[in-house]
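We just call them A, B, C and D in the order they show up, numbering each chain from 1.
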């Protein structure tokens, strides 16, 4: 080591100083970095630093066949990959002018809701861990794993399902799958008290989370915040209800919301949403067996598949907010342009910078996790 | 669900309730891999016997993880669509998406439930695997993700081809098949996986994947361009080709119901839907600007001769074709009935060839009107492509009767417009396509003349097993009211009072002897009599080589009655090449391929 | 607000083309000059306050960038996609456009993204600097004339595998026949057939070894 | 195959040295700290492996937040070039002995991002790798199997020389540095002085030095005091 490399840093005129958080930091969700200017332990200003997970997805997709992109889209958001597949498939279907068979739409809805359950469980754990509570994290991750077991059962992959295909889904559900799903939902519901006791009504947690990173509704709207984060500010907006896709208009569910817009409101919204998802899944379990028919509208041979000219903007409510795919086809066998609008691209950059200002250093990690900001959606 | 109020504060003792977890069963799984789910996408396996090496998996792989390796111990057979290529997978690229499984036409590649593979830093070679029946570590695991009907990415069913009903077609020579509509053609073309097995199988190596792709894109002119690169008889081949390509087609190798792509009908569709003038333009493409000053004579204006002429003209040589009959086309005109190949289509192919600059002299019989020696004197090279114009005889008793005729002779008379003596009942001997052609042609003539069909076809081979004619032909013949008697050998033509009354046949026990030579054995006890006014022999043809003249016949080397040629069609005489049916068999596309081969060799020879 | 009313508002903008694609999607095409006016209009008069995304599409054949502004109204429950085209510019004179940051805060992120990926400068955008690609020195990578695959082949090396089974096959006279790269180089419009590539390779091999004839006799 | 490189090392005279080394290795293999750094998507399977269901602590492995106290660097999938720089910094900061595990396809041959202009393709060009785990992404069980393999390698290092890939970084520093320079530019440098460390450990060989280390020397600049303000 070279001692001469370690020189004293020159201080500025004020007593402000700068620190880096990330990319290798336990308080950072994923591979992401932050430069913070501190005065004492109060953040004066913050600047996000992204690009650690940049793979050039949009460029990659332009070089692959329409069907080949199916394998790559879920990688854009690792904790919640299913909406990516569905949104891409929906966009391509819209350009082609085909529609997935009704049974496929139900299965897709089920997949989306299951994925939401898994993602929320994961976020609970992450959020709790940033306040120093590791048991809820262990629980969240272990319970999520049970959901992943189900994913493995019907899609063949634990995390990356690669289950959707433009025109429908790739496989029929395995026998007795719905029973297994029902058992899992029972189990998750039975865990509600445990989670409530340990996390949601735990004074240690509540005190930390309340008032942390509070957003007002107008600030949220100005920053294009969506999803649970927006609903925590009091606006009951949900793509599932307001721009319905798949079969959400046939399902009954509430849109949970909170008024205060802080970290605690956000996690409460997620908690309620988890149980709304369970409610939706119960309806699906009831209805799905009676919906017979094909699960795939045939598409031409994927190796020579030219999608006709056109463009489509497909929006889906992911566990993190509004996810959109803008797909442009020039009539070729590969997409001409795919633009991914990840919900976290709004949350992890401007909103996080905005909320960090004035927050205490130890809260920055909590704010990031409470926004459920997923860096790969920013970097793509 | 219990609601939590934002302002509620739980008791400080709440977390302590979770002390009860000390009494619960732990959720920890035992060390070691669990069993994966029934459709898990684990490591690959490949059934090397089912795999045909079409490399569809390589093309669909989004990560460029699949390399095709050549396995010499596996036999390859282009005509059957079998290559000795097998996929090897790079696990440094693979993402286990199972698209390769879902596209595999033969369901050879599959995935197991095995998923643990670790290696030391210097053992990355173990990431490049050659999947066999057992997985990456040689252990057998249960299958995981395999292809199901739902997950199959290929469209297995051929678009149905409309055709005339048997009642409508039996009294005329109109073309039976309707042809595709644009929509159907595009759909059919969209099934192609672009494996190229067809191209390998085709004797002329037509660029089928390319023109199918062009049809799919709706660019028919481009498609025709691809065809004319290898075949100036595209109209003919689009209708009557023996389509070896479709036998080779990877989609036809699938399990269960899986039809090959209708390559022939697609070709027909493209040719029919591009205007004649456009085709002429396309055919002229690539013609040499400069004249070479060399001249070549071609004997016989059949597919082989005209293809050779077409190629040579495009190279800048002067070519004259000598044809003894009044029209060109050879066997395609005088051997194939109109209901399979309408004459105007053939005319168009020939017109296109002539438009490129091929000069055809009709009604000139080489050997009588002009001698071979003269041809050699006037030209730098001569191509013999006279085909097989003489029918073979069964030489059974009574076969020299005047009502015992050869199929080729009859077939030639119909398009020529000669008056055909249509019998009330006829028996055809032979089970090949020529036999079918004559049987069905006679059936039409009978229907026109008498209003009913009375034709019996006897063949040595067994239906559905060794039968020579195409299945389609058999099916259509039966529909048209022709009765087919299989496994019957001709014994004698029964002649009473100098008049033919019928044919006697015996049952066939076996056709070939132990060495595989043709030596039919009959059960003489099982004798049948078929009443007939005419017996038609359709058991094969031979070439009329008398036109060569004695001197040349002496000079040439022969092989079992055929002229001895090398692989390029060059005979032992320096200036003479031979092509087509007379030296090789037995269909249009082989003749075309032969024509190309000879033309190439001649060009090479002339430029030496 | 019904269809007529929204059309009325939109038609205030000069040279606008409106396409109602479905109930929740309206596509409008406007000139580059009038796009900010349009956005201001629909934000102020028709409650389109949520900027969902800004997309840039590189139409290299037309030498143009297409900018698409997706704006959502929480009240109307409708998405307007405003398309406009700007000149693609050149290396020396990069494309420029007006920022909509003063209308929509999130434009900061999207405009910075387009600046990085396409090199379009947005005048008035607060942070026209690199964000994701801070350590990238090449041309903006999303441009159609940047060939990522060629760049990768040039820059990186691949693992050179030589497992035992491959050696065995090579000893028998077989071995690698078609590499995945071979089928990709053939053409960009579609995966060309492998067999011709293979034929070529094989023909060369036949020549070299003077062995038996290949596929094509 | 790599050739055997000569190390300038002092003779060890203590007869108990080998016994002592064995004991150290045994202890090392029973207590490993794994750096908590999610470089790519494979990181999503680490929380399950760490938490109660698969419980990595059974193997004596625990996450650790700082590189200086960590033994294992997990590269969980693709590394973008921007990340790779930080990964190298992190790796050089870790105390020896240190181990690198490459998870997912991407660390071997580019994986699904093989066409990407932004990711590095082969991890072992930039740092020695001890164990690879196949999968995209590998399940927690596979991750556990990989960790177990690493443990075994460390224990059996004396016999098989498998658990000491880290030494290779010092022995062939010029090679690794060359690859890093090729990607990041020739003025690439880290605050850590690898050559000094190599001397300290007695792991210098002729391949520790080369034209790339010369380049490094040429461009070496001391870290200047930084202006501590966000622009």
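Just so it is clear, contacts are C-beta pairs under 8 Å (C-beta built on N, C-alpha and C of every residue); 3 or more make two chains touch, one makes a residue touch a chain.
This is a predicted model, so every value here is computed, not measured.
Distances from each chain's CA mean to the overall CA mean are smallest for chain C. Chain C has its Cα centroid 43 Å from the Cα centroid of chain B.
Remark: chain C and chain D have CA centroids separated by 36 Å (rounded to whole angstrom).
Centroid to centroid, with C-alpha atoms defining each point, chain A and chain C lie 23 Å apart.
Averaged Cα coordinates give chain A a centre that lies 53 Å from the centre of chain B. Within chain A, residues 51, 54, 56, 59-60, 63, 65, 71-72, 142, 160, 303-304, 379 each touch two or more of the remaining chains. Within chain B, the positions touching two or more other chains are listed as 27, 59, 61-65, 90, 92, 95-96, 124, 127, 194, 213.
Residue numbers of chain D whose C-beta contacts span two or more other chains: 52-53, 82, 108-110, 112, 114-118, 136, 139.
Chain contacts in this assembly form a complete graph, since each chain touches every other chain. The touching residues of chain A, when paired with chain D in their complex, are 1-2, 4-12, 16-18, 23-26, 30-31, 35, 37, 45, 47, 51-56, 59-60, 63, 71-72, 75, 78-79, 122, 125, 137-139, 141-142, 144-145, 148, 158-160, 376, 379. Interface of chain D with chain C (complex): residues 81-82, 85, 108-110, 114-118, 120-122, 125, 183.
For chain C in complex with chain B, the residues that touch the partner chain are 159, 161-166, 169, 172-181, 183-184, 190-191, 193-196, 213, 215-217.
Looking at the complex, you find that chain C touches chain A at residues 24-25, 49-53, 55, 57-58, 68, 70, 74, 77, 79, 81, 104-106, 108-109, 117, 131-135, 141-142, 144, 148-149, 189-191. Chain A makes touch with chain B in their complex at residues 64-65, 67-72, 135, 142, 149, 152-157, 160, 162, 170-172, 174, 189, 192-194, 196-198, 200-204, 206, 258-260, 264-265, 268, 271-272, 275, 295-296, 298, 300-306.
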